[in-house]
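Both of the next two complexes hold subunit A, though its partner changes from subunit B to subunit C.
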Partner chain A sequence: MNDINSFLSRLNSIINFSTILPKIILIVGLITIVITDLVNKGKNANFLYKIFLISTLVSMGILFYQLISVIAFEDLYTNNTFNNLFRFFILICSFISVLLSVDYVLCSKISLVEFPLFKISAGLGGMILSCATNLITIYVSLEFLALSSCFLSGYTKRDIRSNEASMKFLLMSGASSSSLLNDFSLLYGFSDGQVQLDNIIDKILFSQYIPIICISAAFILAGTAFKLSLFPFHQWTPDVYEGSPTPVVAFFSVTSKVAALCLFTRLFRLIFPYLSNEWHIVVELLAISSMILGNLIVVTQRSFKRMLAYSSISQIGYVMIGILAADLENGYASMITYRFIYIFMNLGTFARITPFSLRTGSDNIKDYAGLYMKDPVLTFSLVLCLLSLGGIPPLSGFFGKLYLFWHGWKAGLYLSVTVALVTSVISIFYYLKIIKLMLTKTTNLVDTLKTYENQKSLVSSIISTKLKSSVEMAMILCALASTLSGLFMDPIIKITRNTFF
Partner chain B sequence: MNLSELIHEFILALIEPGILVGSIGTVSFINTANSAFSLGLVFTCISLLYFALNADFIAAAQLLVYVGAINVLIVFAVMITDQSVSSDSEKCGIGYFTALGACSILFLTIVCIFHKLNDFYSSSIHQSEYLKLNLFEQNDVQNIGYQLLNKFLVPFELASLLLLVALVGAINPARDED
Partner chain C sequence: MINNVPWLTTIVFFPILAGLMIPILSSDGNKIIRWYTLGICLLEFSLITYVFYCHFQIDSQSLQLLETFSWIDSIHFRWALGIDGLSMGLILLTGFVTTLATLGAWPITPNTRLFYFLMLVMYSGQIGVFVSRDILLFFLMWELELIPVYLLLSLWGGKKRLYSATKFVLYTAGGSIFLLLAALTMSFSGSDVPSFDIQDSIDKSYPVSLEILIYIGFLVAYAVKLPIIPFHTWLPDTHGEAHYSICMLLAGVLLKMGGYGLIRINLELLTHAHFFLGSGLMLFGAIQIAYASFISMSQHNLKKRIAYSSISHMGFVTIGIGSLTDSGIDGAMLQMISHGLIGAALFFLAGTCYDRTRTYLLDQLGGVATTLPKLFTMFSIFSLASLALLGMSGFVSELLVFIGVSTTEQYSFPFKIVITLVGAIGTVSTSIYLLSMLRRMFYGYRLVNQSNSYLIDLGPRELFILICLFLPILGIGSYPNLILPI
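Moving on, here comes the complex of A and B:
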């Protein structure tokens, strides 16, 4: 009887806590989708997407208005600004990427239900990863995210490249998470049975096994750098990006990188505060190599998605500078701000590629030639997003990069910032190459573009107008965000400032 | 040695040859089905070892997961693939010596670690502390259940959701669509 009473009081306190409420809403949305599809037997696909969007919006709203910071489940995760920001980002990513995937899924005639299911579960995994401080929760949520992303990337099962992409992703993510698990078992053993990240450093400090910490740092790096696609662990990125369906690439190019960044920062900050010189050097080396490699290889690419894969590898190099430059008064402001802007830039670019590849079925950069004549809206917004990725002044990418590099220079990372500046110039070169290709009027159009107009009308007759405009809504949202965020930079920086822990 | 220690040593002496024979059989049988079944023998003997070490939850988990799921999966996979018995597995190529070197280094590392731990743990101070913990009176399974629902509630529920998503994701590429 006593147990029942205490359990009921615990249940009451659980309901009163607002920390896990956004996640509970996502879980409820997930279950509702499954049950709705069972009941409706495949009809009424719009409704499922609306459920997804509504649940994401509601949890975003709750997270946004969370004024009272309640510390719930103290053993499992805490509730500080760092966590909240990352969770908010993941929700934004999920929301926008579903907006731009509706068209694609309907057109390619693949099964409709599991798509929002996997997206919700990946978003859920990312959210719990962002605020986990327990080794076990970190591992389970990381596996959740990886597994859902893997299913998403193999979603178009009739496409051979999609099968190849999901096999590669599954195998390599399995290898990297086994390395991470190995490291967690090392940390668990040497901290005398502690699973909480805070308690681990307390216990390890009193032991003499400093080389053990170095070994475990190497394992953690191998495990988390895979998801971030840092330099030696980036090999999966171009193949998986090229093979998976485009809206899926949009989704996990932002979501899993945001979640993995949060994990990386937290692990290295909490566990190795006394080895900061050593791991700074290693991370700096990896960042420089990622930047150089990403920006040099991308020049030779012929496929748009592969090019975006290599450019995301180099963007991670820039973000690593932000992690290394964190100090007491500014926290991780530069990294988080750049990440926020990067979400919109990246999703905006994908929001343009998706309708293009739907209408013409091609991914080659050469097929974008002369797009200006056929579809000026798409061209103009793609130009904006690409310039923002490159870092041209009035757009927000410039302000993000400026803040990042200024922070890095102030923290004394002279070599990294110099390399980053040089490679940014290289990146501007290849973005401008694409833009020039799109904007020049060619007399003999590429064959794919000749059929552009026809297919566009075919698409719009199949889908109702509501769905057709969702991609355009995402497009406009991202274009606005990537241009105007630069003006609203100051309040964003102010919010992201107190994130040091 | 008193009677209980004698029985303990006797049981261990029965289990360990089982593990050795099973693992040698796994590696050296030419017929893959025999090899898969001797892997099952290895897993079963390991779970009996866990019983002898008084870790009943892990022993049951080992039986269920390793023998009941993983080994059955391996046997299915072996029996589905159409294999002719290959007879050229006796060559001692460069891979053989590399694997031999790596495994012997690993073995020596583990032996050294165990020696050091043995010296560390058999000092009398440590043994008295260990006996004070009185581990044999606890109920492991009840403890694990309690911790799962209190301290580790979030990973537990998340793991159940993970199973749901994994099931859906596994059926999704495999099902036949009209």
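Moving on, here comes the complex of A and C:
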């Protein structure tokens, strides 16, 4: 008894419980899912999903509470607003993407249990990555995230493309993690054996090994840029996106990018402040090329998922402007706000593609023609999300971009902002093409659409009524968020403001 | 203001909020939607006129009905609205033309819900442009037009509609980039606290070269919209392919947004640069008048002909703004309003003619005067108004512009003569092409294989629209003092 008491108090004093409480809840949820599945022997799918959703919701609630009230202390995990925000984002992403994936998993009759398992573990990895300030923690959580994502992308075992996607992902992520590890070992060596990031800065601040520090910066760039799919490390993105099952892609495209952004910002901001000029130039170059490349190639795509892959490449370019434009009073507000809005836009688009590909089995953009007649709700929410991605007022994408460009212009990044604006126009063109395709009535419908049935008739026999509309719920949520959050951007910005280190 | 009711915000928001209710309306029969939208438009227009009569003092010079709500504090983006004489005239024009365009869109059958919803969104956006006092808000409203026009064009247009819609979007969006960049530069330069308010920006002074840069930035955006040569190429395609009620909106109001922007921002805020570049504006305007009218003469497509005549008339606006005199600017404003009415009417007429004869090509439209007397009368009247016949508003505005050109002290005498000459050539050729258009359409022998039974004359609805458009033209022409003090 005494031992337990002293253990608990020590636990409390060493690690403040509430920091890792969200993660503990997720872990508990994970274990519960595994156990439940073992017990039920594969039946009763709804229950599993409900557990997952509940655990995500609870941890989101706790994080939200933490966000609002200021709790400050220091240990292995620093708990400032930056970390909290990112963890919150990752939880939102996980939540919504699981909502999406319910129908998909059930319909395609792939094994049920591992899916939320991997999702939770990937989410966990992302969360730990967001607040890691220790080199080892960073690496471990990065690998955690990467491996879970790998499994997720290869989930549909019988699909060749899915196997190919997971193979590519594994190889590329392995290569980038090894380059990161290489760099970490360099940093470790420089700082005389320090693993904590803050201490590393102190140690290498007055070091005279500047060229080698440049090399280590290059390694870090290579490692993290892969995850972010910045140019020229973006080659994996279209293939993996096209091959993996759609809800997995939805999850990927937001969660791993959010986590990688956090990592990128933290690493560069903390370690190389006196290399900032060179770093600025390099990142600016990468950002400009990502934007140009992503937006130009997107015009020629025929597959929806590939198109979204290229568009996410260009979106990362925009976000890089936000990172470059960070300053003392505003912190990374522009980047984080845009990220937040982007999550909803992107997930919203995927939320529409998933049921569409379920019902028609096709990913071709041409097959979306005339969707307005068959399913107006889907069409309109897709239109809203696509327009928001393009940056049309009064949707939230416009406001996010406005804020981003405002900051960028203020910080003097004239070239980047100009390129970003020009490429935005190009992307508007492409999104409009899709929208036009969907809204026009075609006299002879494509074959795929002829067999288009509404949700109720296809799925209701399989699962209960509550979960039937989960995708719809995700759709509506995302559509609302992408439309309205621009108008109410002010409180969001206020929260994201004090995120400078 | 005695009562603090936010009139302007109401005017801006009312159409779009009403438009959001359209999906709720039942869709059996398009009648309900049409009447509903028409009712909303009329209501809105009466609101505008009410505001105009009761709350607006014509004689005062300053801004009125100011409203400021702080919206997004961190980038100092405020919801600031305010109007003065220039805006008021254009807002009245918007309300008028949009209501009539809604009425004119009666025969549209496919997808009426979407159509009317988009019309209402356009209504809000157009009014929003004319009332905003904050440059970012101006930009937002400017961009707001893009998607509804694209959708309206591509869903209900002519044969080459996708091409022209895409061209429109790319051009306009490309031009608006410069608007944003210039706006950002303007707000950040010269002060620590960035401010987008137009009132504040007036008091700022900039180094001259920066001012010229900013001016050019804004100018590109307006040049695409106005349009100024050589950025005008989107207009014939767009106007040629759009359904005629949308053409009414486009020609009537959207082009004026460019002119409004020129006057409001470039003239009031960037005066030094305006001095430098004013002569360039005049030159381009004069060339535009002549050039566009020459092209118009060679067009076989009726709508494209009228589109080029629109371009040519907007050249007068450019000259007027560039002339740096009060009468020139008055003339420009008047020309904007009068062309809004005339252009809308002409497009509507062309559209109704198409509805009957199913062809836009002038070669096939021979000799329909005897079967369509009312159409012919109206067409002639409006063509005469377009070529600035005495007694119509076009005459007054063009006269004012020319007076402005001749009395300006800023430019050398030979320059003024050149401008006036080129403008005069343009005016003469305007009458040439308009009259030849009339001749080809109405006089002459009827083509043998025309089936007469389809040629029904103008119905009462269309007649109503045209008379509504005609009366202000006549009124302004006879008594310009109605509008000028504004």
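Following the convention adopted for this analysis, the second predicted complex is superposed on the first by the 475 of 501 C-alpha atoms of A that agree within 3 Å, B and C clash if a C-alpha of one lies under 4 Å from a C-alpha of the other, contacts with A are read in each partner's own complex, and residues count from 1 in each chain.
What we mean here is this: a residue touches a chain if its C-beta (ideal position, glycine included) is under 8 Å from a C-beta of that chain, and two chains touch if they have at least 3 such contacts.
Bear in mind that the values here come from a model prediction, so they are computed numbers and not experimental data.
> A:K157 in the overlay: touching subunit B, subunit C, both, or neither? Say first, second, both or neither.
first
> For A:S148, select first, second, both or neither according to whether it touches subunit B, subunit C, the two together, or no partner.
Once the two structures are laid over each other on A, A:S148 reaches subunit B alone.
> Does the superposition put A:I136 against subunit B (first), subunit C (second), both, or neither?
A:I136 sits against subunit B, while subunit C stays out of touch.
> Quick one: classify A:E114 as touching subunit B (first), subunit C (second), both or neither.
First partner only.
> I'd like to know which partner A:R302 touches here: subunit B for first, subunit C for second, both or neither.
Touch status of A:R302: no partner.
> For A:L402 in the superposed arrangement: first (subunit B), second (subunit C), both or neither?
In the superposition, A:L402 contacts subunit C only.
> Look at A:I27 in the shared chain and tell me whether it touches subunit B only, subunit C only, both, or neither; answer first, second, both or neither.
Only subunit B; A:I27 stays clear of subunit C.
> Go through the superposed model and pick first if A:I128 touches only subunit B, second if only subunit C, both, or neither.
first
> Taking the two structures together, which residues of subunit A meet both subunit B and subunit C?
Of subunit A, no residue contacts subunit B in one complex and subunit C in the other.
> Mind listing the subunit A positions that touch subunit B in their complex?
Residues 20, 27, 30, 34, 73, 75-77, 111, 114, 117-118, 121, 124-125, 128, 132, 134, 136-137, 139-141, 143-144, 147-148, 150-151, 154-155, 157, 163 of subunit A touch subunit B in their complex.
> Using the touch definition up top, name the residues of subunit A that touch subunit C in the complex.
Result: residues 330, 333, 387, 392-394, 398-399, 402-403, 405-406, 409-410, 417-418, 421-422, 424-425, 428-429, 432-433, 435-436, 439-441, 489-490, 493-494, 497 of subunit A touch subunit C.
> Can you name the residues of subunit C that touch subunit A in the complex?
Interface residues on the subunit C side: 71-75, 77, 110-111, 114, 136, 140-141, 143-144, 146-147, 150-151, 154-155, 162, 165-166, 169-170, 173-174, 177, 180-181, 184-185, 188, 194.
> Subunit A touches which residues of subunit B in the complex?
Touching subunit A: residues 151-155, 158-159, 161-162, 165-166, 168-169, 172-173, 177 of subunit B.
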